[in-house]
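Structure provided below as structure tokens; questions to follow.
Chain naming follows the written order as A, B, C and D, and within any one chain the residues start at number 1.
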Amino acid sequence: MAATIRVTVWNEFLHEKKHEAVRKVYPDGIHKVVAQALGGEPDIEARTATLEEPEHGLTDKVLSETDVLTWWGHMGHNLVADEIVDRVQKRVLEGMGLVVMHSGHFSKIFKRLMGTGCDLKWREAAEKERLWVVDPGHPIADGLPEYFELPHAEMYGEHFDIPAPEELVLVSWFAGGEVFRSGCCWHRGQGKVFYFRPGHETYDIYYDKTIRRVLVNGVRWAAPTGVAEVKRGHHGDPLERI
Amino acid sequence: MAATIRVTVWNEFLHEKKHEAVRKVYPDGIHKVVAQALGGEPDIEARTATLEEPEHGLTDKVLSETDVLTWWGHMGHNLVADEIVDRVQKRVLEGMGLVVMHSGHFSKIFKRLMGTGCDLKWREAAEKERLWVVDPGHPIADGLPEYFELPHAEMYGEHFDIPAPEELVLVSWFAGGEVFRSGCCWHRGQGKVFYFRPGHETYDIYYDKTIRRVLVNGVRWAAPTGVAEVKRGHHGDPLERI
Amino acid sequence: MAATIRVTVWNEFLHEKKHEAVRKVYPDGIHKVVAQALGGEPDIEARTATLEEPEHGLTDKVLSETDVLTWWGHMGHNLVADEIVDRVQKRVLEGMGLVVMHSGHFSKIFKRLMGTGCDLKWREAAEKERLWVVDPGHPIADGLPEYFELPHAEMYGEHFDIPAPEELVLVSWFAGGEVFRSGCCWHRGQGKVFYFRPGHETYDIYYDKTIRRVLVNGVRWAAPTGVAEVKRGHHGDPLERI
Amino acid sequence: MAATIRVTVWNEFLHEKKHEAVRKVYPDGIHKVVAQALGGEPDIEARTATLEEPEHGLTDKVLSETDVLTWWGHMGHNLVADEIVDRVQKRVLEGMGLVVMHSGHFSKIFKRLMGTGCDLKWREAAEKERLWVVDPGHPIADGLPEYFELPHAEMYGEHFDIPAPEELVLVSWFAGGEVFRSGCCWHRGQGKVFYFRPGHETYDIYYDKTIRRVLVNGVRWAAPTGVAEVKRGHHGDPLERI
């Protein structure tokens, strides 16, 4: 594991420019707030990238220098070029971590890596959400209380159309009567994927101390580890005499 | 669960027409042999479909009448139209079972549903393979011996670039020194996916009684079950007063 | 899989004899109601056994003729003899299914098979529970609606100290603010274990049509399948020349 | 996560005293060699404990100061007192990591935490073992080659009677024709359990650089993480108005 985790915080950065209500909460964009939260840790270095940059800011060079990519998107999923999605997928399979936040559930890259529709129920009613830790020894739960609350959240409800999480860390309770698998982990190739539900553009959720703790934990969990080199393809010489 | 499981056995049906060696083993195509194996069971009805048919034989009508689709492809993965892959994926997410055989690991539909590269090591040296049951109570292991052997098999070796199987049933030992996760299960949406390694076009593997037993078990396991209806999307009215 | 699934419905049968309130709901014991629910299916044959019978009704003969054992206990967990627990565990590892209901989470046999403390939060306040299906294609969800409700339930809350379910089918929402993993599946040896949360001695939950459907599905899922014979121990003769 | 991981290396320390052949390989006991391997890392502090010490060296004080316990036993499993097993299990459920090595598969503590028989096939024929990484991005695979070999190993073969590993990292190939799930991870309560197959008392396996790397990785993976405090039991006051 590298000493410093190099994170690229990606944001479509559309809501913040179009809606005054969002700009009030995130004047410089959600990515700036997330990057600040992550970059404040001694073992994390955070840079940002957005949709409008050339190649959406996700050039081969940037990705090759990224240990963990965090993803926030909502309105602009379809504006992300397929070639960039291909490139990000390739990097995840090679070991780059991916932390997908909230409405990123419907991003091309998340759907690509899951193989499912990734749809869910949703409702915007500023209702209470309570997130329960169901795997209390998991690294992503490190230092968390047994549950934490968001007073005003957009509801996401089951069925969430994802493959069963390989590790399920958090389950949400919503005042309106729904539940949701809110902290979910998967391995994909040599890479790791963490989906974390909270975070809406009109709520100040990414300023919340506990939410930031989960993001930091998620980044550390998703940081590259593993074998030096994976080999596949034609393997003509057997290791043993046949 | 329906009384009769309606299976569509899909085959690209290319090798058999091009190579005399394959035609000798499967004169009417691999699909005919697989369909015969499955259709011989009282609870299974099997039809076939091939690449060259209109819409590859996988029309909306055919798929809507299919409980489980089995997939054999090798040379022609790229000849399968993306629209058909979309359609099959949609049906799997809606509940249709999918049994992917051998070189189908590289088919568009399998890669789509896995979200990974699905690559592996391979070698054609007619070596011995021994498949060990590692989940002896699994329905797909029903009636099997603790291990079974293929005297002449193409080798597939790790790392097999798939998501960790939700249920791992079989692990292969190869004479040349490799191992492989050979019987793997996943849920995707309301559908179930079973990958089964054995089966090469130049070996008479699909005539083998144990192999056929696994295919039959796989089809039964993958047959649609589950909730009457899944709802997703906007869910404006909370179930409880907020 | 056998044509008929032979179920033994076990109940400690203590509450019903001691408390008038329980007797009103289950005059002949919870086991009679559960056995009636299961035995009403054409493919299931149900008998009962209780704590007070010799060997708690779980003789070698009874167990050897049992495909699936269902377990209800609450006050009398410690009255179950360790030898009987050993015997039941052995039978599960050999392939017998086990369906553990509600307060059976604290039974010796469930704790034995889980390896964890199996403790949880609880509250008796007759509050509303809503169970959401999170694996909509699972056999245990067969024919269920996307969620179902119990108007008056004892609350069980996380953290539920169990190994992560190999298949998580149901998650409960409680009016009081908690969530719970309420339908959980594991393989143990050749056997299968299903834990199902609902069912309190003072509520008429086991008369509920949907609850009964889950129990029937659970029994079918847990019915023995798998390899003819598992071998372990000294294996002096290698299968290949070393 | 603490800055330094405090490891207690436990060994029954019987073979080394009874058999000259073992003493030649491990003159001061297997524990000394393992402790040296682990303690050589800057972030790990290793002490040892053995069966013959009072309370087997596993007093409340020692366990309360242990982040990860490694376990080696073979001849003396039944000499381990049940009270000590209870105590170790309790500590694991509270968050202590446990790394079980080789013949420790049959230890009381491993069987207790697994809930299964933990039996397997075995043969002592000094045959070749090749361990393949099947989860190449896993922290326990960090820095490993895609496979590694032991020229002379005791064979362990399937079926290994354990719950399906939550994370399967290594699969062994044996010259004699068997396979084995050799690197297996589970969460139990707040604790983590890693089983690692290699290591026989008459082979110098624990001097091997790659084996030591796996042990170090296993200890780091198993080190305590997670929530500050887990609450269970009576929870009379709902978090929401019912």
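General observations
Basically, a residue touches a chain if its C-beta (ideal position, glycine included) is under 8 Å from a C-beta of that chain, and two chains touch if they have at least 3 such contacts.
Note that the structure is predicted; figures quoted are calculated from it, not measured.
Shared contacts of chain C and chain D, meaning chains that touch the two of them, come down to A, B. Here A-D and A-C are compared, and the pair linked by more C-beta contacts is A-D. Of all chains, the one whose Cα centroid sits at the greatest distance from that of chain A is C.
The mean-CA centres of chain A and chain C are about 37 angstrom from one another, to the nearest whole unit.
Computed centre separation for the pair chain A/chain D is 32 angstrom, with centres defined by C-alpha atoms.
Shown for chain A are the residues in touch with two or more other chains, namely 130, 133, 135-136, 146, 157, 159, 164, 166-167, 174-175, 177-178, 187, 189, 230-231, 239-240. Interface residues of chain D, counted against chain C in their complex, comprise 89, 93, 112-117, 119-123, 125, 127-128, 155, 157, 159, 161, 163-164, 166, 174-178, 186-189, 230-240, 242. Across the complex, chain A is touched by residues 130, 132-136, 146, 157-160, 164, 167-168, 171-174, 177-179, 181 of chain C. The part of chain D that touches chain A in the complex is made up of residues 1, 95, 130, 133, 135-139, 141-146, 166-167, 175, 187, 189-192, 224-231, 239-240.
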